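Each of the next two complexes has chain A plus one other chain: chain B in the first, chain C in the second.
And now, the complex of A and B:
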């Protein structure tokens, strides 16, 4: 058993990836055990997850729908998740936890819906405007959290949570007072020209949603990757994240880098907000903090806070969350089981460092005993 | 009842559970473990207590107070057991303590909602994610409650408020007047010195986090019996984080933290009283609900700069490190 573990996860090459994979598989086994315990077939349930995400064909489809429809809808849900996890990982690089992603998402989504969503602007102006508003609002809130951190030494976790609730209540108030749709009890639906998703596009006898921001998400991931791996700015932010004192000693400005990374993080969270509330959805439900902001923490950690890793981990978590709707209708399982599996993945991921250390120690022990045998 | 009385009564009912949760946080953080998990701990505690109460209410008469107290004991037990996850992640698996706290909170939401739905469906045969509890009975101290203004403290008191005050006093004693309390504070300030003095650092920290689990659970159960009058996902409203803010504002010591909690409580209740007084529509309540959070942020701006947190807070204890 121990030898197997070392073989699977020892060595330097791709170790992080292999450890992440180990965490995911172990969590899925735990998930399967839970499903078995409540008397469901785990294989069928996991199959439903894939089917619900358009990665496996379902047994039957409604008119004008097939696997492609589901997959496009899956991409639509994936887009904000990528942005949100990039937001978390950008902050993590500077050693900060941006738990305020949820609040920022609400703020940017709300601002964009109110300013552009009800206007008569043409699609070519409205859509870029929505994106720009998202970036601007997010960057402002993110910078505020960063500023509070360096100027007043306020733990960013506490301040971002406070800001989450403050934003949520303010927006709930405004929606309920001025922008409520009396039938759905949500905010008024935004116009199609402002929406970042082309919903109900008809082609090839199919009707599907096209997420316009998905390519932007991929580009963002690459840009962020480039920023952190290939530029001085990125290097400074990472240095500040690893050791503030060392960075200061080397002549880097700690406040500047903290605020910068939170601004980038906020801007990305803002993009997540507009793609979520003005793309995947077209309205905002008052009184709720979107849970995506919190799941994004899990996703970013799972992706080892690497932008490209974030794409893959967003993919996985979105499969679980998006597919859970179909799974719950097929298997009669509560949808929350998806969150449960996600949080189990998180627990294992939190132990990843320990796991690496443990594997290192095991391989050293084995290496030692082999050498002793040869001698 | 005058408005002032309402403000005091509601403010205390909100502040005291927050205070006991903050004391839990102080125990954990004084021992050197950052505890953002309070939010999850209080929710899980409320879940355990709520479940127990709902199960017991079926076999007891309506007026019996036994389920009320048993549910608190169940909540404490649940909170302590659940806090072991934080212990395992932080101490055994050496995870980053902030990450661990966040993980514990996310798991708490997923787990409690899943189980609540499951149990409601399986045991009670109704699809719901709530355990409906009755709002706790209240009592007034005869005589004392007649005093103007101050009398409101003794008017319409929830029994859990008395319980909290007793436990808080006990915890203050444990922290500042017993050898264990001293060991605990040593572990948070200089674990290596504590270790050299023969204290088992990890054991003390484990106990401290478990205490915080139990105390947070009392808070969660109190909120379930007063504000929401049920267990539902609504219990995760950030009160745990508010109490963390309170303990930072209170500089990691018990009595100033009480002050911070009272400020939050009265800010909340006076805001609500204001809305009722002015006869504004209920949607304006959302604006007032910002007050505790906003106040926290403002107070942290003034008090975070010069705080003296436990010196080894958030550090994984490594025997070999110097």
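And now, the complex of A and C:
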């Protein structure tokens, strides 16, 4: 058994990827066990997840819908998740935990909804404006968290959690007081020209949603990847994240890099906010912090806080969360079961670091005997 | 077997790690009641061999006999039960616990409150520990908290920890690496005392003088193989060194007379705050010339760290000025100072000198990554990183498993230090600060570093060497300064000072004419 584990996950090549895969497969097995235990067919249920995400054809479709429409709405849900997980990973590179993604999402989504979402601006002006506002609001809040960290040495986890609550209650107050839609009890729906998702687009006899920001999410991931792997700025942020003392000794500015990485992280969280509240949705529910901001932490960890890895892990988690609606309707499985499987994945990801360490130790112990076998 | 007189016998021990054989068919016998030393360079397999004995690794081949019986030591806990104790190089103490709590951790004496509620019997523990420390001359206050103690006292706690568990075989892994000369003497006395009370002591070290002064027998390891077991009394240190390194080693570095030229570094009335807000460096003034090695001697914790950090810019000066080639650099940032011409080899190579999870090539570029030739307009040139790395790896003989791509955390201490020195020397600055450059390294590496330091001097650099090793100071210095309690109380040409004089100034003897009756101030050894 131990030998098998080492064989699967030992060695340095692609180790993180193999460990992530191991986490995913293990959690799916556990998920299957849960489904079996409540008397459902796990294979059918997992199939439903794929069907619900438009990755496998369903047996029947309503009018003007097919697999493509499902897939497009899946992409629409995927977009903010990619941004949110990128936000977390950008902060992680500097050794910071940005728990404030949720609050920042609310703040940027709300600001954009109020400033642009109710206006008469044409789509060509309104949509870029929404994106810019998202970036700006996010960057400001992110920078604030970074500044608090360096100026008063306030742990970023504490300050970002508090900022989540502060923003949520302020925004709830404003929505309920000024911007509430009396029927839905949510904030007033934004105009179609401000929305980053073209909802109900008609073509080829189909009706579907188009996420305009999805290409931007992919581009952002590539840009962030480039920033961290190939620029001196990324080099500095990583050095600061891995060893503050050594970075300082090398002449890098620790405060500058902390604030910078939190600003980038905040801007990405802001993009997650506008693509979520002014794209996937068109209004904001008051009194609730979007759970996506927290899931994004685990998604980023599952992607080994690598921007490209974040795309894949966002994909996986969105398949489960998006597909679970269809699964619950088809199998009569509660939505909570899907959440449970997501949670199991997240727990196993949290173990990834431990796994790596454990494998390292095992292969140390076995190193000798294996070599003897080869010799 | 038992009548061979050996308390431990290790037979044909082989331990392999991926890519290397740490112990290759090593057979040793250790007699009851002797001090047995394990001598060897870094990576010779001393620590691995003792880790096998202490149950941290299981050998791939070979057998261990304890008191004549074949045993399998599967874990440190097993080893402890069998009466084997070990003091690791890096102490394993809980810093916010008291001495007593640390010592009893894992084998707490219990009492029953109200007849049934189990509680730690702290009173009994404290009394036991007081008695133990009395018996072995290891003075400690059982109620003191670890974080308030200096390194040497912490080590005493580690020793007490073994004694409290009735260990009969005591293993010390490089026990003197962190101690001052006086503390080393004291420790060696304790070790002799332990032997005289019937314990068996094994010391891992690469310091020949210590072996000569304390050990009865000594095993020499080289590249995992047992070279010889020697009777210390009848073997010269030169012979031991030859066996350990595998070639002749000259103890005195051949260096020519210094040819000091213009002043490079001038420090005037410098005062620097320490961690606790105290004045760690007090009104210090000195000069270093081009082509001169200025060695600063002193007992650990007398302001050396703060002084070096202040010159390199990691700490700000409270008062005083620092001039480099006549330019005031007191208010410059760390980066500006590096560019103005300060290279710095810091004491803490793990946390300060290297970003450990970075690769070797990244660490070798750590001070120049932003410059032309390493990056263009903030875009990093990976190829330039690699080329720079390859060049340094060759020139400075930095050994690692995967060259440029090796994560520095996976490298040995000696090679990590080589990497730092390579990087700093490559800056070709007029001033180089070497802070404890050879700490924990073996003879071969030490003599290499000394050669490099002298080569830098001969190139025309001003070298500031800060060291706790008196031998190193005496070997390398052109000018010696002695720091005590934050003040430099003597600066003189190396040729004008004897080892004993320097030693006295290090202890804070104020009268320059020196003598046994001078008042000696204590203190300054805060951890």
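Rule of thumb we're sticking to: the second predicted complex is superposed on the first by the 367 of 375 C-alpha atoms of A that agree within 3 Å, B and C clash if a C-alpha of one lies under 4 Å from a C-alpha of the other, contacts with A are read in each partner's own complex, and residues count from 1 in each chain.
One rule holds in what follows: contacts are C-beta pairs under 8 Å (C-beta built on N, C-alpha and C of every residue); 3 or more make two chains touch, one makes a residue touch a chain.
Please read these numbers as outputs of a predicted model, since none were measured by experiment.
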Overlay on chain A: chain C relative to chain B, clash or fit
clash
Going by the contact rule set out at the top, does A:43 touch chain B (first), chain C (second), both, or neither?
neither
What is the contact status of A:347 with respect to chain B (first) and chain C (second): first, second, both, or neither?
first
Once the structures are superposed on A, label A:250 by its partner contacts, choosing first (chain B), second (chain C), both or neither.
second
A:97 in the overlay: touching chain B, chain C, both, or neither? Say first, second, both or neither.
first
Is A:288 touching the first partner chain B, the second partner chain C, both, or neither of them?
neither
Between chain B (first) and chain C (second), which does A:154 come into contact with in this model arrangement: first, second, both, or neither?
first
Among the partners chain B and chain C, which is in contact with a greater number of residues of chain A?
B
By the touch definition at the top of the document, which applies to A:170: first (chain B), second (chain C), both, or neither?
first
I'd like to know which partner A:230 touches here: chain B for first, chain C for second, both or neither.
second
In the overlay, one of 99-107, 261-269, 315-323 or 459-467 from chain C clashes with chain B and the rest don't. Which one?
99-107
Of all residues in chain A, which touch chain C in the complex?
230-233, 235, 238-239, 242-243, 245-252, 363-365, 367-372
In the complex with chain A, residue positions of chain C that touch it:
14-18, 57-58, 60, 312, 314, 333-335, 338, 344, 346, 348, 351-358, 362, 366-367, 369-370, 375, 378-380, 382
The residues of chain B that touch chain A in their complex are 36, 85, 89, 93-96, 98-100, 102-103, 106-107, 109-111, 113-114, 117-118, 121, 237-238, 241, 244-245, 248, 283-284, 286-287, 289-290, 293-294, 296-297, 300-301, 304-305, 307
Across the complex, what residues on chain A touch chain B?
38, 97, 99, 148, 152-155, 157-159, 161-166, 169-170, 172-173, 176-177, 287, 291, 294-295, 297-298, 301, 334, 336-337, 339-340, 342-344, 346-347, 350-351, 353-354, 357
